[in-house]
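First, the structure itself, so that you have it in front of you.
The first chain written gets the first letter, and so on, giving A, B, C, D, E and F; residue counts start at 1 in each chain.
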Amino acid sequence: MTSMSGAGAIAAQTDHLADHLADHLAEFRIASEPYYRPVGQEVELFDAAYQARMPIMLKGPTGCGKTRFVEHMAWRLGRPLITVSCHEDMTASDLVGRYLLDAEGTVWHDGPLTLAVRLGAICYLDEIVEARQDTTVVIHSLTDDRRILPLEKKNEVLPAHPDFQVVISYNPGYQSVLKDLKESTKQRFGAIAFSYPEPAIEAEIVAREAGIERGTADMLVRIAQRSRNLKGHGLDEGASTRMLINAGLLIAKGIAPAQACQVAMVLPITDDPELRDALTAAIAACL
Amino acid sequence: MTSMSGAGAIAAQTDHLADHLADHLAEFRIASEPYYRPVGQEVELFDAAYQARMPIMLKGPTGCGKTRFVEHMAWRLGRPLITVSCHEDMTASDLVGRYLLDAEGTVWHDGPLTLAVRLGAICYLDEIVEARQDTTVVIHSLTDDRRILPLEKKNEVLPAHPDFQVVISYNPGYQSVLKDLKESTKQRFGAIAFSYPEPAIEAEIVAREAGIERGTADMLVRIAQRSRNLKGHGLDEGASTRMLINAGLLIAKGIAPAQACQVAMVLPITDDPELRDALTAAIAACL
Amino acid sequence: MTSMSGAGAIAAQTDHLADHLADHLAEFRIASEPYYRPVGQEVELFDAAYQARMPIMLKGPTGCGKTRFVEHMAWRLGRPLITVSCHEDMTASDLVGRYLLDAEGTVWHDGPLTLAVRLGAICYLDEIVEARQDTTVVIHSLTDDRRILPLEKKNEVLPAHPDFQVVISYNPGYQSVLKDLKESTKQRFGAIAFSYPEPAIEAEIVAREAGIERGTADMLVRIAQRSRNLKGHGLDEGASTRMLINAGLLIAKGIAPAQACQVAMVLPITDDPELRDALTAAIAACL
Amino acid sequence: MTSMSGAGAIAAQTDHLADHLADHLAEFRIASEPYYRPVGQEVELFDAAYQARMPIMLKGPTGCGKTRFVEHMAWRLGRPLITVSCHEDMTASDLVGRYLLDAEGTVWHDGPLTLAVRLGAICYLDEIVEARQDTTVVIHSLTDDRRILPLEKKNEVLPAHPDFQVVISYNPGYQSVLKDLKESTKQRFGAIAFSYPEPAIEAEIVAREAGIERGTADMLVRIAQRSRNLKGHGLDEGASTRMLINAGLLIAKGIAPAQACQVAMVLPITDDPELRDALTAAIAACL
Amino acid sequence: MTSMSGAGAIAAQTDHLADHLADHLAEFRIASEPYYRPVGQEVELFDAAYQARMPIMLKGPTGCGKTRFVEHMAWRLGRPLITVSCHEDMTASDLVGRYLLDAEGTVWHDGPLTLAVRLGAICYLDEIVEARQDTTVVIHSLTDDRRILPLEKKNEVLPAHPDFQVVISYNPGYQSVLKDLKESTKQRFGAIAFSYPEPAIEAEIVAREAGIERGTADMLVRIAQRSRNLKGHGLDEGASTRMLINAGLLIAKGIAPAQACQVAMVLPITDDPELRDALTAAIAACL
Amino acid sequence: MTSMSGAGAIAAQTDHLADHLADHLAEFRIASEPYYRPVGQEVELFDAAYQARMPIMLKGPTGCGKTRFVEHMAWRLGRPLITVSCHEDMTASDLVGRYLLDAEGTVWHDGPLTLAVRLGAICYLDEIVEARQDTTVVIHSLTDDRRILPLEKKNEVLPAHPDFQVVISYNPGYQSVLKDLKESTKQRFGAIAFSYPEPAIEAEIVAREAGIERGTADMLVRIAQRSRNLKGHGLDEGASTRMLINAGLLIAKGIAPAQACQVAMVLPITDDPELRDALTAAIAACL
């Protein structure tokens, strides 16, 4: 293994590593400003938290813009962004790294979290509550004042780059009671709450992203509000901003609004005939 | 690993990769028009969604033609089609790829999703709800405006080919409550609903596919309708269009219609003597 | 991997593969006619289904001759037969194949299903309902008009040999409610129902297979009928034709009939003293 | 892999294999007659079953001599004996074999069942009901008239040596309802029932095996009978013949009978103070 | 493997190992005094326990300073500290070590526990109750007078360095009944109980760590006390000292106190609107 | 693999193996007499059982001296001792051995049980009931008169060294009903029961091991007796002898007795305030 090589080899490797990291920095840096329409003080709060390198939790329903927000903040702060979509089969090694077999034997291979720790990136763990608890535990020593990542399989302790920050997202709407973050994880984070934007702002976003007229966007937002009122009455979640944009995109391609709303806002979220009728009526009432 | 090779080696590899992808394009392209008889506006809707590269969910019972439809659309749009039959033991690596051991060490091996992302293919994930949630999560960054596939094991971010699209199928009839798509997955998709075709159209399809006369096909459709009325009264699903074609194929080989219907439309779907009698009586009534 | 070799190497490999397949054809071909005594139209039905290359499901209790029937049909149709005994730990890779490590790196190794697809064999999946659902899903694209097997780990799509057919067996007697085929699997198959033969035919079979006189065989069949009447009254299944043959074999080696019946028809299927007494009395009454 | 070598190499290998198997034959052959005291017609029944190569199931409580019996029969029939203690983590590969990595790549390594099939040994699967069902399924094609073992990972079909036989043991006393053999497995076997020997015979066995006087052995048997009467009244099983021999061995080393019985017949099977008192009283009454 | 090498090779390796361990000693040694404000006799108790090399269990709620305390003690005692965050997917091998594949074959790789045993470090197993029981069992022979670590995969018995000590943490507040340490583990440890510091001490800590004025820190402590009173009334835990520091850090970056408390002390720990209102009112009352 | 090498190579290897085993003998032999204070006839019983090579089960609560006893007996009998702490993730391979990859391919690596079988050691399986049942089954053929260990992965049958013996420990106090030894395992063992020593003996042990005065030890034993009376009234187990020694060690380092008892005898075993008060009162009453 490389850690047993002589000093010359290590020096050569370090240079190589620096090149390698520089390549990655370019790959994960966000080239142009991602459109984000602030709806409250979220930009200022995130900025203050980042200055203190405090880990941040973004709470809110699906499709309301959390991912776009973190992309926007990474661009604004000039940091590379490494995003990991968490899932229940993700292991700690998927985050931290593992040894892979190469022609010269096993070679350590950084996981995305380790790469972010080295690069000083913002590491965004999307829907972290879906991951097994070992994933959560892995970030503990990075989210207190130690700011270290033990690479246990290498018997190394990696200090975080001064610019490194952890951001996680969390949808309080649909976690089961069985799946939740541990108290000792939650207490490490500052939290910023998100919800769907105010109607006027949401219509502005939909019109811009789908390339449709403002009036059509206003209509889609009115339908969304009726859909969101059905949450808890058979619907797990109402229509998200993302779904409005999907409906808008179909309208922009020439599909009639009623059908576009069926395809983008009704059929994806319910199989129940009564709910489908209720949503269809809501659409008809807004057209 | 290749990412550590010098520039010359990378150039050579890129050429090789281009050849390799061209080979695959030919393999996954659909050579001749697959027969598909439209039953509504599904062709126009799919076409509009594809122009917006919107991910599409095909909803409907088994054997009603969803797979044939996506083959037809791939042919019509001139895109290669990569189909993956999902199942509960499928992992994210089965979709994305993995390192395999070669004579020169480990070599990255694209999974079918990654290949589709590179080729600009339509990637059809059949019965995605059967897969574990990590499969679903893997497509998240491909089904929003990011259109990227993080190859976490390679620490690479692969941008999707401009022609790439994700299509999934979903049978609302028999999912258990425990197995469903996550809200954050569903909301990314436009959905098109399928059901069995109208009788006249279904008979047209059966006659053509089984090579039988229209009158015999009409009779098989009448039996199917009676079978479908038993859904929920002991049958999980009634006879599908596919089963009618199977019965027709046996008739075309000289098996008596009553026996052909037993073999193709009764015995495969029930072990219950009473249901079997009810179905047999329905067949007798239609002969 | 072979898919990256030059054209000359591929040509050489193809020749080698052809030799290799020819070897397998010989190994899986059934040399002499397996004895099978038809009890209905099963031979004609199977023949018609095979002409249409329709996948076939053989339904019936254990030990009634399903395996022998498929051997007989493979011989009659002149096709090699590849049989797989399914079980709950069988994975899709067990059927399709996997990469194995060789001196020159990893080499793809066909599973029995893939081999059958290449050879144009009949692939018989015995007790498929025992397998995990990924096994079932693997045969989906082989059991509709696509007739292809995606080798996902190789990113290859293997078209089935024109003579290839899938046959599965299914015992409706003892599946739990939790373990059943999916609707989308069942609907692909034509089904042929089996049960124990009529007494005269069964005695003919037992006499022939065990090498005993017809009178003794008649007596064993009478005992079996009494045993089968106890099904559901403490017995999961009554004595099968196979058990009668076992009793006959012991009688042919000089064991007294009463003891032979104990060893072959009572002790293997029950530990319950009352049932054992009931069966013993049934035996005594028939001797 | 060897199956791809030229003809000369195969010939050499076959010679090597023959030598190798001859070595194994010696290793698994039973050198001297194992002491076994018949208690019924079990020797004759096993002999007749073996002549028909019928698979045999030995049923009975733990420690009553099933293992010794099969050793005795293997010696008597002049066959090597390969014993496998089954357990719930045993896989089909543990029985059949697997590829192992060698200096020249992967080499197939026979499992004990495959070795027995090649050698013509008696393969004794002890407590098979403990194994997962894939173990059971693996023996199906060896326990009907096919007498073949498909080595699926090698795509080979291995015909059984003419002398090969399968023997399994089964303790009906303590299987849970969840763990049982499948009907399709049970029906393949002839069964021989075992229980503890008659008192005089059991005392003869204990005296011989422990090296104690007959009078002491008689006393131990009387204690055992009282212990066996407590079965179902708090004890899962009474004292087995094996436990009597253990008590005898301690007595032969100078331990007082009361204490020897505590150590060998009371403390190992109960932690319950009342049962311990009951057993202690039973011992005292017999001394 | 190295254990089969000649004497010369072993001598060379031992030198190499000594160098290697010296490197690690430096890496795990704590360079400067970590700030710790004692709240009772915990320093003296830990010191006495360490003199007897008695294993120590630190009990108390999350975020009250257990990790900082052990860092402080390691610095005070001049011992390197190896910290392991335990989780439910951690295996014994993750602690002890494993063989990894190198260019020259497999090489043994010490896990963090083994490294601590060799170095004479304090090994701190954080939240050990989260680990599977095999982790716990692994420390048994290190936490009684044997003070050995069997490296079973190497067939070696490693005696602990005279300075080695095991420390574990344990949060009695939120273990489920299903997850607890075994009695035979608990009884090996001396235990020191932690809770949140007295208000004056806690404010001193918060002011120092967040860089805010004492008055603001006093206010945050008053809010924390109200939050802690809600424990058991909907909150799993009240606000920890760590959360107060987080709030302080945001205030120091210019965020208004009310909003800083929302971000750091309310939103991370509850999604319940009523609790959120109660906490918000508590904050307002203290401002 | 070595079993395929020529005769010369085997001879060389055997010499090497003999050297290797001799090394291990030294490593596992107990150098000086471990202090053990007999409390009954356990030494004589173990001695007699060992003369008959009867497997022995040591039953009793945690921390009462079972491990020390087996160390003492191994020293007294002059046998090496190989101890394995069993746990629920331990597999049969962990005990028996496995193939590891070396520079020359795979090399067999003895597990601790196999090593003990070769060396003629006493193999002590601590808390065997924690292990999965495959561990238990593995010792079956070693704990009856066969005294063989089948190395199934090597197709070898290893006869036990004449001095080999199996010892297991078992704590009847806290096994769940789900986890118990199988009857067929229990009946192979002679059992010796342990409990805490009589007060005078226990005080003698505590004084000696902790290096404190007899009076202080007497006081600790009186506290322990009160603690043990609380077993079943909220405590799973009372204070063990080991805990008394821990309290003594702290007292010897200058900690006040009341506090030493809190640290060593109260806090490690209960989180319940009422029980803590009861134990504290018991301590105060004895001081």
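What to note about this one:
Just so we're on the same page, a contact is a pair of C-beta atoms (placed from the backbone, for glycine too) under 8 Å apart; a residue touches a chain by one contact, two chains touch by 3 or more.
Quantities reported herein were computed from a predicted structural model and do not represent experimental measurements.
Between the contact lists of chain A and chain F, the overlap consists of E. As for how the two copies chain E and chain F face one another, under half of their interface residue numbers coincide. Distance between Cα centroids is largest for the pairing of chain F with B. Relative to the C-alpha centre of chain D, the farthest chain centre belongs to A. With centres set at the average Cα position, the gap from chain A to chain D is 58 Å.
Rounded to a whole number, the gap between the C-alpha centres of chain C and chain D is 29 angstrom. Contact with two or more other chains is made by residues 101, 104 of chain F. Arrangement of the chains shown, judged by which pairs touch: one closed cycle in which each chain has exactly two touching partners.
Ring order of the chains (start chain D, then chain F) is D, F, E, A, B, C.
The touching residues of chain A, counted against chain B in their complex, run 16, 20, 24, 27-28, 62-63, 67, 83-90, 94, 100-104, 107, 109-112, 115, 126-127, 130, 171, 173-174, 209, 236-237, 239-240, 242-243, 246, 249-250, 252-255, 259, 263-264, 266-269, 271.
Remark: chain D residues 1, 4, 41, 44-45, 48-49, 51-52, 54, 57, 59, 91-92, 99, 101, 104-106, 132-134, 136-138, 140-141, 144-146, 150, 152-153, 155-157, 172, 182-184, 186-193 touch chain C in the complex.
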